[in-house]
Amino acid sequence: MLEELKEKVLQANLELPKRGLITYTWGNVSGIDREKGLVVIKPSGVSYDGMKASDMVVLDLDGNRVEGTLNPSSDTPTHLELYKKYPDLGGVVHTHSTSATSWAQAGRDIPLYGTTHADYFFGDIPCARSLTKEEIEGEYERNTGLVIIETLEERDVNPVYTPGILVKNHGVFTWGKDADEAVHNAVVLEEVAKMATFTEMINKDADKAPDYLRDKHFYRKHGENAYYGQN
Amino acid sequence: MLEELKEKVLQANLELPKRGLITYTWGNVSGIDREKGLVVIKPSGVSYDGMKASDMVVLDLDGNRVEGTLNPSSDTPTHLELYKKYPDLGGVVHTHSTSATSWAQAGRDIPLYGTTHADYFFGDIPCARSLTKEEIEGEYERNTGLVIIETLEERDVNPVYTPGILVKNHGVFTWGKDADEAVHNAVVLEEVAKMATFTEMINKDADKAPDYLRDKHFYRKHGENAYYGQN
Amino acid sequence: MLEELKEKVLQANLELPKRGLITYTWGNVSGIDREKGLVVIKPSGVSYDGMKASDMVVLDLDGNRVEGTLNPSSDTPTHLELYKKYPDLGGVVHTHSTSATSWAQAGRDIPLYGTTHADYFFGDIPCARSLTKEEIEGEYERNTGLVIIETLEERDVNPVYTPGILVKNHGVFTWGKDADEAVHNAVVLEEVAKMATFTEMINKDADKAPDYLRDKHFYRKHGENAYYGQN
Amino acid sequence: MLEELKEKVLQANLELPKRGLITYTWGNVSGIDREKGLVVIKPSGVSYDGMKASDMVVLDLDGNRVEGTLNPSSDTPTHLELYKKYPDLGGVVHTHSTSATSWAQAGRDIPLYGTTHADYFFGDIPCARSLTKEEIEGEYERNTGLVIIETLEERDVNPVYTPGILVKNHGVFTWGKDADEAVHNAVVLEEVAKMATFTEMINKDADKAPDYLRDKHFYRKHGENAYYGQN
């Protein structure tokens, strides 16, 4: 069942340690089959060494396990909320990558300082608020998803144009049209976070890049007038 | 004698350079067999290349060498004091890992800024005071253990909940239910220290994470209501 | 056609990920055959894994594709402007390497703080201004080249003596007598940028190196009185 | 001639890139045979890939080439001055390692913040002054050695107890009883420099470690009462 998707989600998960985004098991990737309405996600707390496609857990969008014997990632309800709200999402990633998490702990949006950022994220990368005591003590992981959605909605952010977010005092979520692209965006976000840290060290009053530079670079790679790459 | 434990302690020691926690021989791991009351520890100043299980030194809790021909790590008396005081400890690690040692040199506790920290350490990671001239010129390594204990006791810190500490102007000690977990905690502490450094660079007035977030994450992974992982 | 140059440009491109200068496809290297007036450059958005010499694109200096089926790097017009203006350039590199790009985002020249810098760059490494809205919405990549040239000319910088430049809010361009040397200079510029960042963290009022030290080191390696190396 | 020493000096040179201390050819190691009064040093500007023991250059203490066809490192006169002044030195290293060079560019001594430092360096690591215009335009490399000696003498520093120094706006020199130990000290100095940078970021008013802690750690590893290691 969903053998191809399980293999893809496995490979996307294995990319996380290979790219230096996670320590031990601190991350998870999922992918969705929109036709069947089924999500494939990494099992909880399982080591990346020797993980197999058959270890991936298959769930429906209500979180019922449809296949697999292992517990799904404890962050599963966050993934599900994002899939339910945004039909364009095909893959979701959660990590505690060093620089991005440092911005999350600092409680700040990552300012759009340059084209590296603008090639992938159409604007500052938002930092969602901390959850309240009630949200945390209730359905914590589900509420994390709801707070991400609240932040994107309130700020009128199109998640396809800004494929990632920080959650204050916690970590980072990214997404994409599939699991692979979601991981790609997690790698980019970490690099952009690192550069933004250094940028402010070098010039604490650094200006954001102008909007027209953002537009140019984003649309060079995205949308119908894109001319980057081979398509 | 204690062949299995020696092999485990060897492997835990070898994990230190593999995880980037040490330069040359600047670290040591021990493990204890509580039934026999015997501690297995790395020999002093021996290179990690080609180290064998049979090089591990076996000692009783008074520091008498029971097996092995090499000198035990010069930090052995610190390990012994921790084992004697806290019966739950099964492994102890000492390193000079870069970020954690920088906090120790800065003489500051590592603030609990986020869930990465709270998943493993239930509160700030304390920085014990520098030893006095008398403590240093006396039984230095033993006194290091006593100052660690003094700090944990004075602050009413449960070492099972906060499995590591900094020692001012020196380095870091971590522990766990066995040598493996102690090393795991040393890796986490280093990563948490690095993130805390960046967090303050990004926002010098960053707030600590709220207590209810700490509680949620810590108890998600520890204690009878834990639901992270496969158990 | 130009098989040797294509192989050299391929190898120079592959050096970028090997030296840690790029993430994914964020960089490109070109080389020129001055006799034939033809430029060889990496194709756009193509992964470094499995890239072959035959994937390289051959263009004339007006940007007409002379050989190859892939689209050339989207930054090609920048390379062409530099080749047309400066006949001594044999290779050009563009990257978003972490520290250099952080200086570009900070909008600052990299001060000449020491001999590591002076061994390769005869003076501060300039940061060119951001392009205007009109320049960006027009022939963006060509205008990037023109702004680089404008900066070098206005400041009376000899590009053979200062083989690299930052472009504000964007990234870094370097060059050399061939593709290899251009990559070499990109590696040096990144290291120099990193050191300059740390230098200012350690001493925010650090002084630049004196001119006579710059002269000594630069001319030790360059020009007719050079005595470094085996020539 | 001196085959064993040439092999040792080669291996010590190869350790520099392996330990991440150098980029390209930015470093050199020498060793001395005190009985014969001959120094073996790396050739100038030669790549580390494929370097052979037979490429090493043999010189007398006046700098006359006794064996070898390649030019010796351009920094050779600095090495020679150090060997002539201090009979205890058996190996000398020069690098531009990132953190140490950043302190040199910042023009500051590296404060003794902790035991990692005190295990190898008995006090702050001095930063020698920049050379004057005359010193630079004269016998530059020899004068670099003389300024290092001037600094050690003026501050009454025993080079056996403080086996390394920064040179302002330039880089770092270390030494030891042989080429191996000199490289070991270069690795330590770089790590200590990195930790000191972070220490001040975490606490800009960090205190130096007390003298009695320095004494304890230094003499634990050095001198007749040393008890670290297996001797």
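Just so it is clear, A, B, C and D label the chains in written order, and each chain counts residues from 1 on its own.
As a working rule, contacts are C-beta pairs under 8 Å (C-beta built on N, C-alpha and C of every residue); 3 or more make two chains touch, one makes a residue touch a chain.
Not measured: the values here are computed from a predicted model.
Think of each touching pair as a link: the shortest run of links from subunit A to subunit C has 1 of them. Ranked by how far their CA centres sit from the centre of subunit C, the chains are topped by B. Annotation: the subunit A:subunit B pair of sequence copies touches via predominantly different residues, less than half of the used numbers being shared. Annotation: 46 Å between the Cα-based centres of subunit B and subunit C.
Computed centre separation for the pair subunit C/subunit D is 33 angstrom, with centres defined by C-alpha atoms. Among all residues of subunit D, those that touch two or more other chains are 200-201. Interchain contacts close the chains into one ring where each touches exactly two others, per the touch definition above.
Every pair of chains meeting the contact definition is listed here: A-B, A-C, B-D, C-D. On subunit B, the positions that touch subunit D within their shared complex are 23-24, 26, 43-46, 70-71, 74, 96, 98-99, 101-108, 130-131, 133, 136-137, 140, 169-171, 197, 200-201.
The residues of subunit C lying in touch with subunit D in their complex are 113-116, 119, 184, 187-188, 191, 194-196, 198-203, 206-207, 209-210, 212-213, 216, 220, 227-230.
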